[in-house]
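Following are the structures in question.
Consider the two complexes below, in which chain A is the common component and chain B and chain C are the respective partners.
Right, the complex of A and B next:
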């Protein structure tokens, strides 16, 4: 069997389908995108090469930078707000046990099961200034209740809340499985030693969850950059470009403004950004792993020396 | 070991051929089935010739109400008259339609398509040579309204036909007006004063679909047209050619829009609310007025709207603006949507035949009129039934009495890049987060 796996023909047969899929579904479109990024194509008919013109235009495009800023804000929101809460919730769920655990696990995951379109319209109604839930609550407590939740200055925060709320279930579920994989004997040992909940969390759960956190953070970053459907349905980037996100802006330019070449240029910059960010996050986590390994090595070396 | 590999590959090959066999088998089955049915049809309708399938790609997804119902009625009638012709209808709403239209432009454009006779849509489409030329002489007896074909022509050749005459209008709830002793405003100042009064009484003055951007652009056009009158087209065309929007009329119109929004003419959050939400605000009786095109005149026949509101919907056009160059009977109206035949159609003659059938005055125009979908681009005076809603008659009168029509709205006069730019920044400008100067320089910079 080992011999068979080292046979090049077999390797080719086994790897081939996946490789072809990758080449035609991912690689080829990227190459085409790069190609079209240098043209003034409208998506129909003939087009000319315009060199770096699209990219030069992109540098001065305010809306593009707003969309990048919003993606960054969303990524920060995911990492600093959504994930800590998701992790703590997962931890509490795990400690809860029994029926309650099952019940709350389901409840927290419900937003993820509902279609994005429904979510967007649900929140559209919650935010509606005339008959929305939020303003009615404010009115109930004696306020004026005239807040324009999707207005120019606060729209982005309202949108972020929806996105963070909507993605919460996934993050929690992954953390939850991570926690479930931790050897329960460790917790037993900790409780015998008299460690409290907080101590157990920081001493056992958190360190052992590192690989899960790494996966989750990378996924959060990518999904923040890729955000499209909820924003498209909720505000379509408006008012103006206040809640614009990169993917939505790309769509708008390529398919509504008929600037297909420009849209592709945005796409190329977008891909580069995604790759760079992924590499950076991997580096960050890798370095820590290495450092800690070194630390452990040092300790064991010292022990040996003693 | 080698044997194993060989047998593995052999197995795979076998599997592959099996699948291939399946594929070709089913394909040939389908072929014979198709041949059978066409033979049947041929014997049944020998005189009508071979089976033809036409594809109609339309931007009217609602086939049970309004314009979509009209279209479907005509499609069904045509198929009944031509048993050998099958028309497959595919529908998507406007934005999704335009996206898929573009995908189709690369390959297999449907035979008959919805189009817009405006530079922002049609220029790119005609440059790509996607639409078939139509014979102008065919339509001599079709009673098209003077000038309505202009937007569908290029270099003297006709590429499409207009479906509607669209009029920008302020719909208002007559009952709310009467109950409060309000009257239709004659000047723009009256309108703003009225809005103040409405706010004081806790009524939302005007429901505006600002989330889409284009209704705001129509509003801006409406104001601009009232200010500039017959110069409107020249001023906009000039600005679009030179990229210079310094004409004081632009500043004044934009400023007026910004001030109106600041004065609370529109509902709170108008800049992000969509079409349905704005319309609901009006049809629920929460807002006293609603700004939209004449196609929404079918509200008066829509059974989903409470009767109390439905029967009380009336309209007026943009009131006179101080310093404006128009009279009260100059209105903002244009011929937007329409149909065309794809240049690459395999059944070009049949497709054109269907198009011509659709536009027979007793079809689109008459059926449309009976369904209250607003004004067609053809003369409708022969089709008056006497059962028209009062709202419909108001539109007929407004167009009939019009001393001037604006033509295509500002946002649709430029490229689609210009359209996107103006429809985006107009939200910022009207909610006050962008100055009028920045707005004008912003839309100017979208012109290459």
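Right, the complex of A and C next:
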């Protein structure tokens, strides 16, 4: 038995395909990006090594910093607007029960299964100054309805709205699952004690949802940093670089501005940013969990002492 | 008993709080679904009818010919077939590869298992879009652009880490006793892997399949970078290409969008329960 479970050839056969795929589709491109990041390649023909020039340029590149700022704004939008609404909706949904619960859960999640290609073009029409839905809604309520939603000043907010709207179902569903996992006897106890809905939410649901909130916040931060597809189709970073995001910017630099070397340098920095952000958020939440566990242990120890 | 207690606030609460709850639910539902209703409505009108001040239009007659145009000129069936084929293959390969790796990592005895697991999971942190530029170079060097593999390989590679994570977790929770009995009966290792363990993994295989499908079904960045001809283009291209061709026929554009969105929405409504469960499991543990 033991011999069979440590057969090297079998292990190689089992892990081999996974490792090969990883090496070919993930590792090789990263190494190639690091290599091209040090060159002035245009994507075609010959090129020279330019050392750290691309990285020095990046430090002074305003568009890159706008991208980071936009990611930060998006993350804030997710956490401060999308998540609170998603959590309250999930909480209500859980207590609804029956067909209504099923129906609303389905409705809230539908935008999420629709292709970004459709979503981006649909919102282009919604923002259309001539016959767009949004301006028509403003007219419907008696306004003038001539807002240029994708114009310089407000384009970024319009983009954020689309992203927050499209991702809502996902965030809601995760909170919903978290709430479903809460022990129902706790709610019974609360209702026997005469707690109302609002009290129960803040007293029981919210504290018990901490781990789920952490998962959701982590995912929001990272997906805000990684955002590309919606922006690529909706505004392609414009007007100017007002709605630029990092992934879109590196793509543009490489394939539109023919600065393939520079695009790769941005790619390298982008990968580092994503890894660092993932590691930091995991660390922060882990440390917090440990501290809280210690606190709980202390409390229970004290109780035992009493 | 407990369901009664749970829903008490909603069914037996004061009329005021009940009204607030329903208004909130309905407002959120309208915000989420109205743009899609609008899409469907406009897709049945004619382009000239769109310049209206109302929110929805009642078309003079339903323009199903918009859909005919979208269906034929949007290359709908061909792209749907490509999407379906590539995604099904991706799911099968992801399940197989990650299950095999998960078995080796959790069950077999070897020194590097921890390290290999860590390396494979690291893929989760890497942003897909950072690999677009170098992968384009690699694929064009080895003549892999414009083939099915240029989509299949990255789709599988980027879905694998999460699948592996879910499967190692699930495998650890399965007791080894059944395996041991099989080995004593003379089963070889591959019989154990595929004949004994794999059938027990059904719930996590379902989750992994749903996650992989959802992640890749709507993908188009890689597709538009690595593909040049129609041969392997996927469903999102119906919209991307059609809107260019019919740039002034708005109604037909609405129709192609509605048509492209339809398969995923219909499947979601039918498999609502399973998908909700799958997404929840995958996300909370991932």
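Note that the second predicted complex is superposed on the first by the 285 of 306 C-alpha atoms of A that agree within 3 Å, B and C clash if a C-alpha of one lies under 4 Å from a C-alpha of the other, contacts with A are read in each partner's own complex, and residues count from 1 in each chain.
Everything below uses one rule, namely that contacts are C-beta pairs under 8 Å (C-beta built on N, C-alpha and C of every residue); 3 or more make two chains touch, one makes a residue touch a chain.
Note that the structure is predicted; figures quoted are calculated from it, not measured.
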Contacts for A:130 in the overlay, against chain B (first) and chain C (second): which applies, first, second, both or neither?
both
Given the touch rule stated above, what does A:97 touch, chain B (first), chain C (second), both, or neither?
second
I'd like to know which partner A:177 touches here: chain B for first, chain C for second, both or neither.
second
Answer with first, second, both or neither: which of chain B and chain C does A:110 touch in the superposed model?
second
Touch check for A:188: first (chain B), second (chain C), both, or neither?
second
By the touch definition at the top of the document, which applies to A:33: first (chain B), second (chain C), both, or neither?
second
Please determine whether it is chain B or chain C that touches the greater number of chain A residues.
C
For A:4, using the defined touch cut-off, is the partner it touches chain B, chain C, both, or neither? Pick first, second, both or neither.
both
Check the residue A:25 against both partner chains and state whether it touches chain B (first), chain C (second), both, or neither.
second
Could you give the residue numbers on chain A that contact chain B in one complex and chain C in the other?
4, 7, 10, 13, 130-131, 255
In the complex, chain A residues that touch chain C
1-2, 4-8, 10-11, 13-15, 17-19, 21-22, 24-26, 28-30, 32-33, 36, 85, 88-89, 92-97, 102, 104-111, 113-118, 121-123, 125-126, 130-131, 133, 136-137, 139-140, 165, 168-170, 173-174, 176-178, 184-185, 187-188, 191-192, 196-197, 200, 212, 215, 219, 225-226, 228-229, 232-233, 247, 250-251, 254-255, 260, 263-264, 267-268, 270-271, 274-275, 278-279
Enumerate the contact residues on chain A facing chain B in the complex.
3-4, 7, 9-10, 13, 42-46, 63, 124, 128-131, 146, 148-153, 155, 235-242, 252-253, 255-259
The answer for chain B against chain A in the complex is residues 1, 4-5, 8-9, 12, 95, 98-99, 102, 105-106, 124-125, 127-130, 204, 210-211, 213, 267-269, 271-274, 277, 281, 286, 415-417, 419-421, 424-425, 427-428, 431-434
The chain C residues in contact with chain A across the complex are 1-3, 5-10, 13, 17, 21, 24-25, 28-29, 31-33, 35-36, 38-39, 42, 50-55, 96-98, 100-101, 103-105, 107-110, 116, 119-120, 123-135, 137-138, 153-154, 156-158, 160, 164, 180, 183-184, 188-190, 193, 214, 217-218, 220-221, 225, 235-237, 239-240, 243, 250, 253-254, 257, 260-261, 264-265, 267-269, 272, 276, 279-281, 283-284
